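There are structures below to look over.
Note that subunit A is present in both complexes that follow, paired respectively with subunit B and with subunit C.
On to the complex of A and B.
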């Protein structure tokens, strides 16, 4: 509990600092060290415990997510997004969803992000060009939405049931394996699975038509 | 820490240590093999001065690379420039952790599985981490701030995405035949029946071609094509960091060869071994040796092909990947489905 609130406070402080001084260079390393020290102090009793690792991964996840939106260079943003997706994969692994963890890496870190890197490399954006300050209205809207989001997270943490971490008794044998996920997909969620397939094909056809319009 | 966990940790770390040292040794000697075999193919002598048959050449090369200056060119993205060779290096080693190189044996009074991790999603881990190698090349090209490097990086990301697809679809055939994602199950399944190489030759050929493209070896070494791109993504690198690209390339070759052996050549399985009536320990030793020999054959094939075939043109590479291999892989899936239907595999 105090870990999550600590992380959120850290996040807000970081966001505030960036908003106050947009021209100053970031110091992610200093923050990383500060976060690691905080974690060590909170969990000095139980360093190999699940809570410690969940906290560590969560901290890296939040830090990398912040850097995605705040880093002035687009290439660095993309790379921090990859780091963030890796953290999500680690969370899946902690929740015993091993297949989902691997698929997360294949689909997002392996395939989609390569495309992002490719596009950013092709566009070759300069850092100065990329960082265009938002207008006044945008800033206010962002502030309102941010506060609302913070309240939502606070509410979710207050009303959560049970421990968010791995507890062996909640999972039966074979949970999260390819076999189990496959059975779920083809027995209980067949319609959703097939509908997603149709949707993806439609999206692909649409993309091809949009891309080829000029050539015709 | 309870006993079971400490036992698992001990076994894993010993296995990881042994495999790491073995792989680095093979990587070092592959550079020697490459130069000697290329010399042999071109009717030259090759390096034969340092030690008997030039066997100490890799050591001399290593020392030379270590003592060379690491030049940091101006205007590079420093962090990524230094990180890129390491990114390329890691996936090759991580991937090897799920490849079984021998059966389960009794050793030092405990049961040891000759595989670092027998994961349920084994083959998916392989695909996941092999697809991460592209970041190393793409970032090396981008961070170098050199147009030839950038071209190499761009080409490599396009090439790896294209051939990953064909490779993944070829592997689907193997999964259908084995009915499992676990690499140890795939090996056992082949030991019971025919090797996948014989039941799905088309899939094997596709996997092999895609593997050449995935490791950036000739005839698919477009990202570093010397004649047009100077050196491609590693133009701006020097010293140990330059040699890390080479080590990563050879480590990747070893991993992909081990995978080809596991998926299509029955892994460590030796046909007819149980008729000989060897003791379990000896049989396991024979099987590990057989695995090493099969991998060795593929490594030789890599070198052989490199010094035999010329490089593809870029459009030919893309056409081959998307318009030929991908469709053939789909046909292979239909073929395996047919085999499964009539109960042959």
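On to the complex of A and C.
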């Protein structure tokens, strides 16, 4: 868990540096690389196999999420969000959720993000000139509340009764496969499934009407 | 490595998304931040499903993905309608219904 704390502090400093000094874009990156290498050297004994890869994927996930928010160009934001979705799909695989990992890549990164890419390209959005212009109060309030919220969640998670990471062998056969999830979905959650279908049809009709007609 | 690792990562992703919605003014980026938050919630569901060794969390995550798809479709349609009318994707310029 100490590695994770180090990672969080590193990301926080990176985000702050990037927000404070927009005119010197290389400094935060240099600090990020140096900090990551330092963490790697300090915790090299604890990082065996799975833990190393989980830490690396977590690093990329948080970094790409930060860049989604902080990058001035919407197109880069979309691409970083796709990277983030792939990282989360890898986490799903580590948690024995194979079907969800595949669905994450096909539906989220494949379909929904392509929609975002299309719209950004269709509207031909340029990078925002001044990310920091205006709304100072809301910006700083959001940052302070966000940091407080993050520490609250962290505190809550640290103080719950812990549970180990179960090895894949301890799960029953077929946990997280399409077969088992499908059986559960169609046996016990049929109504929710049908309701989701109605929701999707409603969303589709709404999207077509909104995009077709001129708003007045 | 413990399940808490994934929970902390998910909490961080959720916080970044929430701050992003409040800080950014571009509607498309705000929609992307909402996707980030939904995704973090999904990760939490999967982590708890792993902890309890039950598949119900997977079902929840499946429906969250469905809702995210619907939300993205409607949200982007609204953005396109707004852009046609006002030539902007800035949330501050769409203030007709604010007060």
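Here is the rule we go by: the second predicted complex is superposed on the first by the 173 of 216 C-alpha atoms of A that agree within 3 Å, B and C clash if a C-alpha of one lies under 4 Å from a C-alpha of the other, contacts with A are read in each partner's own complex, and residues count from 1 in each chain.
One rule holds in what follows: contacts are C-beta pairs under 8 Å (C-beta built on N, C-alpha and C of every residue); 3 or more make two chains touch, one makes a residue touch a chain.
Computed from a predicted model, the values in this text were never measured in an experiment.
On the shared subunit subunit A, the superposed partners subunit B and subunit C are arranged side by side without overlap. In the superposition on chain A, contact is made by A:99 with both subunit B and subunit C. In the overlay built on the shared chain, the residue A:114 is in contact with subunit B alone; subunit C does not reach it. Look at A:178: by the touch rule set out above, it reaches subunit B but stays clear of subunit C. Of the two partner chains, subunit C is the only one that A:78 touches; subunit B does not reach it.
When subunit B and subunit C are set side by side, the one touching more residues of subunit A is C. Once the two complexes are laid over each other on the shared chain, residue contacts for A:122 go to subunit B and to subunit C alike.
Of all Cα pairs spanning subunit B and subunit C in the superposition, the closest are 14 Å apart. Looking at subunit A, you'll find residues 99, 103, 111, 115, 122 touch subunit B in one structure and subunit C in the other. Chain contact summary for the complex, subunit B toward subunit A: residues 1, 77, 80, 119-121, 124-125, 127-129, 131-132, 134-135, 138-139, 141-142, 150, 153-154, 157-158, 160-161, 164, 181. Subunit A contributes residues 48, 75, 79, 82, 98-99, 102-103, 105-106, 109-111, 114-115, 117-118, 121-122, 177-178 to its touches with subunit B in the complex. Those residues of subunit A lying in contact with subunit C across their complex are 1, 4, 8, 11, 50-51, 54, 58, 61-62, 65-66, 68-69, 74, 77-78, 81, 84-85, 88, 91-92, 94-97, 99-100, 103-104, 107-108, 111-112, 115-116, 119-120, 122-123, 125, 128, 131, 134-135, 138-139, 141-143, 145-147, 149-150, 153-154, 157-158, 160, 162-166, 170-172, 175-176, 180-181, 184-185, 189, 192, 196, 199-200, 202-204, 206-208, 210-211, 213-215. On subunit C, the positions that touch subunit A within their shared complex are 1-9, 11-20, 22-26, 28-29, 31-33, 35-36, 39, 42-43, 46-47, 49-51, 53, 55-56, 58-59, 61-63, 65-74, 76-85, 89, 92.
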